[in-house]
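Presented sequentially are two complexes of chain A, the first with chain B as partner and the second with chain C.
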Partner chain A sequence: MPIFTQPHQVNMEELNNLASYLGVSSGKLVLDAKEQIPVLKAGNGLTVRGLVSVAKQLVRQSETPELKGTTAEERAAIDQWLEYRVVQVDRSLQEKDVSSVLRDTNAYLSHHVYFVGYQPTLADIILYLGLYRIFEDLTFMEKQKYVHVCRWFSNMQSLFANKMSKKHIAFQRNKIFSGTGH
Partner chain B sequence: MKLYTDRGNFKSLKVIAALEFTGLSYSLTECGLEERVVPYLSGTSLPVLEVSPQRFLFSPNTATRYILNKKCDEDDPNIDKWLEWESVQLQPYLVRYLVSVLVHKKPDTESLNRLQQLLKFLNAELKSKSLTKTKDCAADFVLWASLFPVFKGAAEIKGWEGQYSNIKSWFNTINNLPCCQTALDKVIHGGDTTCLKASLNTQPVPLLETETRQEEPVQKSKPQKVKMEKPSETPTPEESLLTKEASPEEIQAAKESWLTGKSKFPKPRERKHPILPKSGERNLLITSALPYVNNVPHLGNIIGCVLSADVFSRYCRLRNFNCLYICGTDEYGTATETKAIEEGVTPREICDKYNKIHAEIYDWFNISFDKFSRTSIPEQTKIAQDIFWKLEKNGFISRDSVEQLQCQQCLRFLADRFVEGTCPLCGFDDARGDQCDGCGKLLNAIELKDPKCKVCKGIPQVKSSNHLFLDLPKIEDKLKAHLNAQFDKGIWTNNARVITNSWIRDGLKPRCISRDLKWGIPVPLEGYQDKVFYVWFDAPIGYISATASYTDRWEQWWKNPKQVELYNFLGKDNVPFHSVIFPCSLLGADDNFTVVNHMSATEYLNYEDTKFSKSRGTGVFGHQAKDTGIPADIFRFYLLFVRPESQDSSFSWDDFQLKNNSELLNNLGNFINRALMFVSNSFGGQIQEMTLTPADFHLLALVNRELASYIDNMEQIKLRDSIRNILSISRLGNQYMQANKPWVLVKGSESDKRRAGTVVSLSANLATLLSVLVQPYMPAVSDTIQGQLRTPPQCNVIYKEFVCQLPPGHKIGKPSPLFEKIETPKIQELKKKFEGKPAPQKNASKASAGNPEETQKLTDEVAAQGNLVRELKAKKAEKAVVTEEVAKLLALKKKLADLMGEPAPAGGKQNSKLAKKESKKPEVSSSGTTANGAVDNQEVERLTEAVSKQGLLVRDLKSQKAEKSRIDSEVAVLLDLKRKLAVAQGQDPEALTGGKGKKGKKK
Partner chain C sequence: MGFGDLKKKEGLSVLNAYLADKSYIEGFQPSQADAVVFDALSGPPSADLENALRWYNHINFTGRKKDLSAYGPAGSGAPAAGGDDDDDDDDIDLFGSDDEDAKAERERRLAEYAAKKAKKPALIAKSSLLLDVKPWDDETDMAELEKCVRTIEADGLLWGASKLVPVGYGIRKLQINAVIEDDKISTDFLEDEITKFEDYVQSMDIAAFNKI
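For the complex of A and B:
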């Protein structure tokens, strides 16, 4: 397996990017050195720990709180995909785990445009950032195999890549491999 | 709301507690351990909350919070924080700890340490007595549910109450809530947390931040599901295995077994036939599904049963288990009888011919049956009739009449395949009784218009015929009791469980066990004596008769369920016959029969990107493998490497080449050859004194870990995984050589030289271990290695630890390379050779290119010769004469077929059939293909759209769990559309639908 950048380094960078995208200050965002967990001191004695909790708190403080969902159903759906990012995507370092992440998100997105609802939410942003390292390493053949999640990713990067200082990843427009059965 | 959960899943506690707390109405659905509920998740993930139809919350934490928010909405960042802490930090170690205690009975100290740290943190955070400002919030239920199993019952962390007083008071408050007690009642009955074991063992263990799973010591690792069977995953060669950590205990154990293990090493057991069960031992009866006699098995058939069972039984022998491996050809039934009529010989002669072909193929593949029998032996008749009488006596045989066609001239009822006529659905006038070649639909023989007897062309009449039925519903309870016990303790592949369960869930119906045929076991019951048993009633009895032909004390194996474990190896298409019908026969006979305990069913093996096809000559068939010039062991290795264990996999020549060159040649072969060459060239072929350093013992510890995993995988019949253990050991060996560089040492000082001696002698011992481990997979290669090493015969036992087998002073033989490189041109050649004809329908255009006069002439000749043969047969002429004329007829037919560009036919009335095929052509062109075979793009587009639309409809119906009949009819429409699409694209529709449609032509 290729050696990936340690996930927590990415976490800090992406949270800072997210904060600037949302137009909120991330001044009190630090890394708990021992546990390697991002910690946000949000004022009023509130301290939030963990990528998902910090990201949600940043959204809460921003002018677009609807990104974390408006109805209870939406919020729950977004929450579970956020959890999926930290327990599944970030921890899939082996090929077979990576494959199952790709397969499952691909299957889900074969019937959905976004992870939740009809417009991008925090779930899309956080999963886009989390899946980035996996997509960087995909071959074109694999991209053709996971066509739905690639379509989604390509859509997401057109929305967020520049704002989140991510390089664009190339996707093919046509099927270029025959006989792979997909 | 609907909650799906498996039994005893502690993660359901929180969700149920929340549901009870809010008082919302919900239903609880208990599903199987590995059942998939969420359609887009490929792995198991329970519990799942279905919020509204088809909307799932697969995260129990989110579900819990969602439920509570229904009652009292919150958006508290502190709850975010605790839920994230629980899922990211606590769960991975908590689950590992629970698995180690409840499943492996060996507490994992590392997980426990991490848990203690986390509890300490929680305790400090709880000094304000509550997790958040909200009382009884999601964080409370989520943490309570996770901590319950480590605070109460079998896996309790001793002394936690004293250590974590803040947690204690918080926990007790939550624990005493009535909703939590209700949840406990539903999940952990009576507070005994050992009932969580099965679920813990099945649900995926949460991933760790930096963990790579293979690094876990074996005793901790739970069986991993192979999620993706990619044929070509190449290991990164740079990855260093030697740097993996080993615990001091592991190193100590490795040291001891190396130094003193040989005294404990068991002696190989001598196998004296006949092998019979012995009390107090593991007695394994291993069967491979009986191949049907009149087909030449292809590589998929071979890996599906005989080869898999062979590897397992060779492994068992090396473990000194008392085991018997039996198989044979399945010979009775319509197919044989039809084929015999076509070839103008008796069924017995057909069977003799093909039984020999089978035996030769398995012999070449080095399949080590203890007995390869056949079902057409007297023992079979005796035992089958005996079982039948017992079933009859116990009241499990019922009688019913069935409408069937009877030929007035042949004076017999016609099996479906023996009837021809006009299809009632599409009007195609050459349909067979079981299926129409025109539209591909399955038919009932009595539905045919203008039915004709295939043999004499007489007109059959509908008559009712009395038949015997095995009354499965009456035996169902016995079967369920047996299966439930076996599912619990036996090794059953997932597909075997799923298929069996779905059969039982759909309700068992009486099954007809008699047929109006001649070639079979006569039904002994009065009034039914002109009938024979249905081939699937008698085929599995072949296992018993094979054992009976092996030893007259066969009842020690077959009427001994207490002492004998029965292992069935088979392809998944045979599962219901082995797990439902045959067990029902045996249980119904109530004669203390040994009934299946373990079942390993494989999925399908494809060939390149298509299916194996006899008629098109696609793929490698048993007898052709020999002609490739590649040794049987290489085929064995590759087939086992891609064994379709949990998903269909495929045989690919490119991958075959890659695996041979990278794994066998560069890894395994390279290591063994290198080690032996050093011993031979630098040390005169003599094993040297070995003074092992701590680094060497570290290597031994890593080898022992692979060895334990190899044994574990074999016990679970994960044959693919055990190969990987072997390859890891030789990879370790290669890296060990590379790290120690004996070629440098040997030129150095005296002590350097001694070190070189140790390194290469240890490597030679490692080669000895490999030669034993590789034996089930590649027996001939194993022999070669052992010949080169001159290993003592006593080493041929698989023991749980690596011990020194070649002592200092042992002289080895002459090393030579074990494997040959397979070059690309060779692979290209083989690929082309076995590619087969692309699509049979193209033949039609060829026919028009042929000389029509010549065709006509030959057609007439064939007809004339055919008449002659029929006359001779009718007159009961001498056999030799008939055979000679038949041979002439066949030669003529072949000539004709060549001219028409057709595969050689073997059966009768070619002339009429060809004419019909010509007349059928316009019908094909109407659905997309124009007369010259060009593709009509518009039509293709239209059909593609229709297929995808229909596909969606079917998926939706399935997910809504619509009525089965409704789904079936929509699936039929879908298949039909796909077939049309394939035709329109100029492809062979048969490739899609698995051998429907073109079969008639073959005969």
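For the complex of A and C:
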């Protein structure tokens, strides 16, 4: 089991991945040593702090600003999921308890294809990046338990993994493990 | 292949099992496959077939091929009902289809989509395949083998460049490109036709399959 690297270092890497996927330059992205959060100095004197804000700023600068939501409800829903990522997912990694996160997302995704609306949005991207670390360490049997998150994750990585220089995680549907009665 | 009769429970169960680990019928984006299967259903699947129902609601909004203006008030009841259920179950889902603005926007988007689809006939879904054809041994005449493969003709099939790739012990396999129209040619058909040349061909694989 790999030791989890410090969350703020991983966040920096994620933001760089996001920037390269969006085709924008991550410009002056630095780590604020005191507060341990990423800080982006986007041109015209604007300073943005924190994973979620920086991610949204990068999307704003890209050619696909709709990724952060086109309607007010979409934006609100996306913001909620971004917050979920920071509060629940990253904390679960610290506490080594990922099962509640997996359970919640699995339940939600059982009747949704994407987290918000009918297309991948920033919420999906940030959750994909956040859950990546969890998924790296799951066994096939565990993945089988959370079918819906795996389906969503597999969908996400086909869309994003290559452009974000992330390795593909393998999924396998094995009838021996099926306890969920499909 | 096939789901069976999708108007019956058995067919829907097969579809449900199939969609457990897939968001779409084929690949990772809505495609003709989703529209075709969608049209084969007589209505939304029951709630116990959760994967099929999820897929149905999703495609209902994004992937319909039919003329959506023909889909009157009775039809728009179905996605709204799905939205309401989600609202009840799950606080996080704010994307309800209740209020006026959302409905008006949806109608507008549906109309745009229908207009786009109406212009679509010009685009045909094509894919580029790379096939590996393996001979029996190193003495098989690869030029003959290639000629035989190229004699396979069908509407929507175009052969491309080919090359011979050594695989060891002097045996070489034929790697040949083909561009196919998804609707007309299936990989099973190609496999059957190629393996018919039993004198030359031991087996065939699809090395790569890319949508164009």
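As a working rule, the second predicted complex is superposed on the first by the 168 of 182 C-alpha atoms of A that agree within 3 Å, B and C clash if a C-alpha of one lies under 4 Å from a C-alpha of the other, contacts with A are read in each partner's own complex, and residues count from 1 in each chain.
Heads up, the rule we're going with is that a contact is a pair of C-beta atoms (placed from the backbone, for glycine too) under 8 Å apart; a residue touches a chain by one contact, two chains touch by 3 or more.
Everything quoted here is computed from the prediction, not taken from an experiment.
By the touch criterion stated above, A:52 is placed in contact with chain B alone, chain C being left untouched. Counted by residues of chain A touched, the larger count belongs to B, out of chain B and chain C. Applying the stated contact rule after C-alpha superposition, one finds that A:150 touches chain C and leaves chain B untouched.
In the superposition on chain A, no contact is made by A:32 with either chain B or chain C.
In the superposition on chain A, A:80 makes contact with both chain B and chain C. Shared-chain residue A:158: touches chain C; no touch with chain B.
In the superposed pair of complexes, A:113 makes contact with chain C only, with no contact to chain B.
In the superposition on chain A, A:136 makes contact with neither chain B nor chain C. In the superposition on chain A, the residues of chain A contacted by chain B and by chain C overlap at 73, 76-77, 80, 84, 108, 110-111. Against chain C, the residues of chain A that register as touching in their complex are 71, 73-74, 76-77, 80-81, 84, 108, 110-113, 116-119, 147, 150-152, 154-155, 158-159, 171, 173, 182. Chain B makes touch with chain A in their complex at residues 39-43, 51, 55, 57-59, 61-63, 65-66, 69-70, 73, 75, 77-78, 80-81, 83-85, 87-89, 91, 206-213, 226-228, 230, 233, 236, 239, 609.
Those residues of chain C that touch chain A in the shared complex are 16-17, 20-23, 27-28, 50-51, 53-55, 57-58, 61-62, 86, 89-90, 92-96, 101-102, 105.
Chain A contributes residues 1, 7, 35, 42, 46, 48-53, 56-57, 60, 72-73, 75-77, 79-80, 83-84, 86-88, 90-97, 99-100, 103-104, 107-108, 110-111, 179, 181 to its touches with chain B in the complex.
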